[in-house]
Amino acid sequence: MSGILVQGVQMLLVLLLAPLLTGFVRKMKARLVRRQGASVFQPYLDLLRLLRKEVVLADNASWLFRVTPYVTFAAIWVAAALVPTFATGLLFNWTADLIAIVALLGSARFFLALAGMDVGTSFGGIGASREVMIAALAEPAMLLVVFCVALVAGSTQLSTVANFMASSYVGLRVSLGMAVIALIMVALAENARIPVDNPATHLELTMVHEAMVLEYSGRHLAMIEFGAFLKLLLYISLIACVFLPWKIAVFGTGPLSYAIGAVAYLVKLAAAGFFLALFETATAKMRVFRVPQFLGAALMLGLLGTLLLFVSKSF
Amino acid sequence: MNVLSFDPVAAVLIIPIGSAALLAILPGYRLTARLNVVASLATFLSSLSLFVIARPPPGPYVLVDDLNIVFIVLNTFVGFTTSIFSASYIAHELETGRLTPVYLRFYHAMYQTMMFGMNLAFVSNNIGLMWVAVEIATLTTVLMVGIYRSHAALEAAWKYFILGSVGIAFALFGTILVYMAARPVVGEGQDGMIWTLLIRHAANFDPALLNVAFIFLLLGYGTKVGLAPLHAWLPDAHAEGPTPISAVLSGLLLNVALYALLRFKILLAANPAAIAPGPLMVTMGLVSLVFAAFMLYRRRDIKRLFAYSSIEHMGIIVFAFGMGGPLANFAGLLHMVMHSLTKSAIFYAVGHISQIKGTQRISGIRGLTVTHPALGWCLVTGVVAIAGVPPLGIFMSEFLVVSSTFARQPLLAIVLVFGLLLAFGALTLRLTSVAFGEPRGSTKSAEASYVPMFAHLSLVLIAGIYLPAPLVTWFQHVARLLG
Amino acid sequence: MQMHSLSFDVSHTLAGGLVLISFMMLYQDRLYSLLNVFALHALVLALSVAWQAFVQDAPHLYITATIALVFKAIIIPVALHRIVKQLGIHRDIESAVGIGPTMLAGMALVALSMVLMLRVTAEADPLAREDLAFALSVVLLGLLVMVTRRNAVSQVVGFMSLENGLVLAATGAKGMPLVVEISVAFSILIAFIVIGIFLFRIRERFDSVDVSALDDYRGERR
Amino acid sequence: MSAVVLQMLCVAGMLGSAVLAIVLSRSTIATAIIYSATLAASAIALIGSIHWLLGDTTNATDLTLPIGLPWLGAHFRLDGLASFFLVVVNLGGTSASLYGLGYGHHEEAPQRVLPFFPAFLAGMNLVVLAGDAFSYLLCWEFMSLASWALVMAHHREPGNAKAGYVYLVMASFGTLALLLAFGLLAGPAGDYEFAAIRAAQHTPYVATLVLILMLLGAGSKAGLVPLHVWLPLAHPAAPSHVSALMSGVMTKVAIYGFIRVVFDLLGQPSWWASVIVLSLGGITAVMGILYAMMEKDLKRLLAYSTIENIGVIFASLGLALAFQANGLKLLAALAFAAALFHVLNHSFFKSLLFFGAGAVLIATGERDMDKLGGLIHRMPFTSFAVLVGCVSISALPPFNGFVSEWLMFQAVLQSPELPQWALKITVPAVGALLALAAALAAACFVKAYGVTFLGRPRSVAAETAEEVDHYSLSAMFILAALCLLAGILPGLVIDALSPITLQILGGRMPIQINEPWLSIVPIAESRSSYNGLLVMVFIAISASFAVVFIHRFASHALRRGPAWGCGFSDPTPAAQYSGGSFAQPIRRVFGTLVFHARDHVEMPAPGDIRPARLRIESHDLIWEGMYEPIAGVVGFAADKLNRLQFLTIRRYLSLVFATLVTLLLVLAIWS
């Protein structure tokens, strides 16, 4: 019973925290460039606004176009709910391991790209084709990171990984360092952040993700935006639970440790958000066809990390 | 022979030669064609009776043993079916005026004479007689190749004649040498040429003489088998002669020469001191196979195409017999029978096709399966069979040859497979262009005689899936006999 | 024994003579002289056959001898003379390979046949052995003439000398059956060839029925 | 009646209907009769084989017929492995027949399809059942022949003749390779029966040679790079339900051959053999999907993606070999089960997708994606089924494609267990390749589906398309349902596979049926587990939650209007992203290396009214670098030798003379 409860808390928690995180990042970016910036709760208001607006649907948009927002949202939400945030070993953690979570995000992207092509404008095409290109490079990199982690922790089960990383003294491994860098790069690409993509632009030639969802409006757009928020949260909590699982509670250790875990989690989120903002203000967006090299580097890092692990393991 | 005791051996000799004489004098196309068929049928039946009636004991001239009975029956059977085919084919030639009644008379007479020659070659127990018989068969075919008297036909016949005569000379020299080798052991005169005696005493013959003899026999009879590089006469003779003759050439005459070769191979194998005939035959077989396979690619004339494929298959067969051993010999025999049936069937189809289209040029024939489904699919089946695709008979023999060779001589098997693949590629290339695509050329309906085609192809198909046990034991026995 | 050695020497001489004459053929460069040499060839053959008939006292060989004499030594050369005249074939022989190389090749061939035949163990009687060696050389030399001479008539001559070699071998083989029949068959064969040359008006070479001209007709030339 | 007899009877039924088709060739009802006959036969065979597979598979049942090689007879044997592949074959057969009931009526020359379709099915069944080398090869080649005839069914269309020719030659090449392999296994005595071969001891030399020959033989039929060239030509050329069979089933039969010989007959492999198989598999996967990405012909794209999946299967087979060679039975079983699972899955969704392509072909007469578009409005059902297929083949949860790939990655993750260095290095690299292939597959099918079914119609044909008949639809939906079921209940499939892994490898995965909530656990739950069912349920719940929430609180207002497109409304559908433009980023990333692809832009000077042109130059390096040279060499040799046809008689005589002298010399020197 409590298991279901905790799991439910987790699902709600990610749901509630996601906009806040984005808002926090935006605020930070504004502050870093000496702007006042909108309140950290602005994303909630945006969502509500969008929900209240009417939907303008292109003439030849099909049912797929209207279903996609919900599907993508659901997929990302489920994925997010399966990543341990404040506690590991939740009731449904074992339904999907790391690979499955990546794949879930993949299916979300798949439908989004299809939706981008559905209306039949050239922007949708641009967005979709570039998105899948980026994904085609990001996924192998991600998978190699997974290998790397799994080889250290002997599992792809996030709870197990987190516990392993938290409990036993893993030590500062070169390969893990590479893995975390690679994972961050992948995360930047997947969340359409600078330098891969700019979430705040509508300048035709540069946008990828935004171009794909250009035709969406109203509640549909709200769902998609929400999905994006969730995705950001997911990746950050993923990095958190795999590479800095300090104070993360183990299932069944009671409310107190849960509370501690939650606080720790919030701290981690804040830190990550801050660094993200810092990074984004510090760097410029790169040309689309520089992205392959960027992600190629991530791929190399992942592979290198894995091979180094073999070396270290076999001695 | 008296009426009470029916002597099949005499029958298979007397019926053809008698009917040849008769056909030479009888006028009228319809009658002669029918008579031709009847005579061939009678010959075939009497050859079948060889199975039931007790065989004559090997005499000075006649021998019937397990080896040649296979050849005889095959020979007379294909002779019979070809006579049916030739009836309809020749009728068409008569209409188009390519042949006059006089030539027809000559043609039929020669046909039976040829059958006589071949049967004689098979049953003869005397190597000299065998030589004579083979030459009779050759010369008659020479005459028939030239029967159209067109420039090309005469040229082909001439080429055939000259190269054939040299072959004749070689074979004779080889035969004489064998006699010389035999004489000190077997004794002078008649006995020195009786194969059954020779084989019995072969072990004590002078090896050096035997070796030279075998070289000459290999070249002499090999010329008629069409082994490269002695093959030059074969493609033109097939292409320029009337198609029934092409069928008989590929289906039968090559076998006759092959049979002679086999006899002497056995003889040589029986002498431990002499060189092993295997390697020589293997080499010539592979050379013929690969050479013919390459030649197939540039052929423009459909009959010449299949002539070269005959060379290729003769190469395979000679290779198989050269390899020796129960499996390979079995495969060789099987391959020979299958090739005779398939190739003659193909020539039947090709004959009708070229008559309909009025050309032998491959480029002039397209989309047969559209315009003439029956003929077209027969051709497809035939070519697919000759290319060695199951479930048709030739696949079984090729399977046995390749697999047994690869276990013994991997490198040889590689070459063999290479040749097979080459030939396959060429044949199927032509097949796709001839049988499929937009139809080209005349589409007038064929008054073809399908019976022989269907008979042969269905036999090949059945053999590919199921060989009756007695036949198999028979073949195995022969294979053992071939050593 | 005395008799035997004599017979041996005579037949040996005759056979050697045949080889010698084959060599003579190799270096003839005029048609008529070639024909004459061939007539001589046939004559010597007839003699040796006759001698064999005598020593083996096999009367039927005399038939072969007469055939050789009448047909090959007289009729054929005369007929060929006629043909040469009628077809106006010009008289000198164009050879594919020069005389010198041809002679050398001839030598090599004779040597080869000797090597091969002397392997034969002696109990196959020496007569046969020697005879065979010569016969083989004659056969090979005849073939050499055929392939080195471009001229149809000289090629026929080459073929006939080859066949002479066969007859020599056949008659040398003591008690060989069917010799007569074979020689008759061959005479017929040769008659065919000669007639063929005459009919097809084959002037220069067997293949002046020009193959390359036919290729377009056959559609074989690429 | 023993199971194998039942199977053989079904095969007999198929052959019978082939003969019947020849008899009925002229009649109009032939289509209906033949396809229903094959439907019945393959359905019975399917049920039989499933029943047998789920039952006790420990004792195989044999049948020996007095045909084939006389002294051997034709052996037919039904064991676990065979029964699994029979399931695959006959499932394909059943669905294809069902589809054909509708599709067949659009055939213009049915007499060129009807006789060969049942023969083709029979051939595939027989290959799987065959129990000795001879009948195996016989049936194998029979299968090739029948499928060749089907490829040549539309022989008048340009290019199909070439397709058929290349296919036939490659098939014959494969058969000869197999023939050599069996010759080697059988030995000079020629014990062609599988039992005898299995019993015999094979030297490492023999084993290596056989493995390579099998890679050549089975690989050429399955479409391993670089032996794949015939596949994208032949598969699309056939009628679509046949394409489905060729891609979805025949390639699997080839894989069966590989498994049967390498895993079953050959015994313990040497570890480095697995390196070859692994790397070949990985390369094939990536190359195949890259080819597919560049393709604009719908059916060719599907064919190329078949190559990719074959690569995936071979990679996991290689992994199984590696574990097997090191005695890690459990892990070998895992990799092997992943391979078999993927075989099953691919047969599902590839058939489904080819059916979809066939439906599009019927509705629009087009295979070129750049002339399609917007079909989702005209053909709702087809496009839904195809969507399911695309999602499954892109390895996305909760559908079946993901499960097998997931299992395979789990196996890859176990590579540290392997002692050999080469394997330690190779396996993760191949894993990365497979991940790349999976991601590219997703991209590729976004392109395929997006360009074909979404957007605005690019041609009149696409505008006026009509939904296809019910037979075709039902066939597609059955397969779609199977895709989902296999995706959410993978445990059942894995348990069904475990007897086979036991039989072949002597190891098995843990029993899945006892796991809570039907989740699957490759090794131990602590290491990794996946539960398609729950994922499915969660997505359903949360999606419906979102929907309810929206409809509760958000506005329902909805207005249809022209597409916005940043205010730039492109007037013509031609301005949409086409297949080529969609592939452009990936072409720029990979194509320059793999295809030497170049974009040539000719931009007229200002004031010049000529249109600007973009020309894409791309090369098939394998074809140009490997096959064209071979053809060139053969042609050259043929030309050179062909001169021998035109010599004078004197020269021919000199040939004879030369031969004589040579032989005499040989004699003189030799003896």
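Each chain gets a letter, A, B, C and D, in the order it is written, and its residues are counted from 1.
Definition applied: contacts are C-beta pairs under 8 Å (C-beta built on N, C-alpha and C of every residue); 3 or more make two chains touch, one makes a residue touch a chain.
Remember, it's a predicted structure, so these values are computed and weren't measured experimentally.
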Requested in this report: Please identify each chain that touches subunit C as well as subunit D.
Outcome: B
Query - Busiest interface, counted in C-beta pairs - result: A-D
**Report entry** Computed distance of Cα centres, subunit C from subunit B, in Å
**Finding:** 31
**Report entry** Rounded Å distance, subunit A centre to subunit B centre (Cα mean)
**Finding:** 78
Report summary line: In whole angstrom, the CA-centroid distance of subunit A from subunit D equals 35
Report summary line: Rounded to the nearest Å, the gap separating the Cα centres of subunit A and subunit C is 99
Query raised in the report: In subunit B, which residues are in touch with two or more of the other chains?
Result: 158-159, 162, 166, 208, 211-212, 298
Query - Two or more partner chains touched - positions in subunit D - result: 639, 642, 645, 647, 649, 653, 660, 664, 667, 671
Query - For subunit A, residues contacting two or more additional chains - result: none
**Report entry** All pairs of touching chains, each written as two labels joined by a dash
**Finding:** A-D, B-C, B-D, C-D
Requested in this report: Could you pull out which subunit C residues touch subunit B in their complex?
Outcome: 116-117, 119-121, 123-125, 128, 132, 135-136, 139, 143, 146, 159, 162-163, 165-166, 169-170, 173-178, 181-182, 185, 189, 192-193, 196, 200, 206-207, 209, 211, 214, 217-220, 222
**Report entry** In the complex, subunit D residues that touch subunit C
**Finding:** 639, 642, 645-650, 653-654, 657, 660-661, 664-665, 667-668, 671
Report summary line: subunit D residues touching subunit A in their complex are 373-374, 376-377, 380, 387, 391, 394-397, 402, 406, 409-410, 412-413, 416, 421, 424-425, 428-429, 431-432, 435-436, 438-440, 442-443, 446-447, 449-451, 454-456, 517, 519, 525-531, 534-535, 538-540, 542-543, 546-547, 550, 553-555, 557-566, 569-570, 573, 575-577, 581-586, 588-589
Query raised in the report: In their complex, what parts of subunit D are in touch with subunit B?
Result: 66-71, 133-134, 137-138, 141-142, 144-145, 152, 155-156, 161, 164-165, 168-169, 172-173, 176, 179-180, 182-184, 186-188, 190, 192, 634-635, 637-639, 641-642, 644-645, 647, 649, 652-653, 655-656, 658-660, 663-664, 667, 670-671
Report summary line: Listed in rising order, subunit C residues that touch subunit D in their complex are 96, 109, 112-113, 115-116, 119, 140, 143-144, 146-147, 150, 155, 205-207, 211-212, 215, 220-222
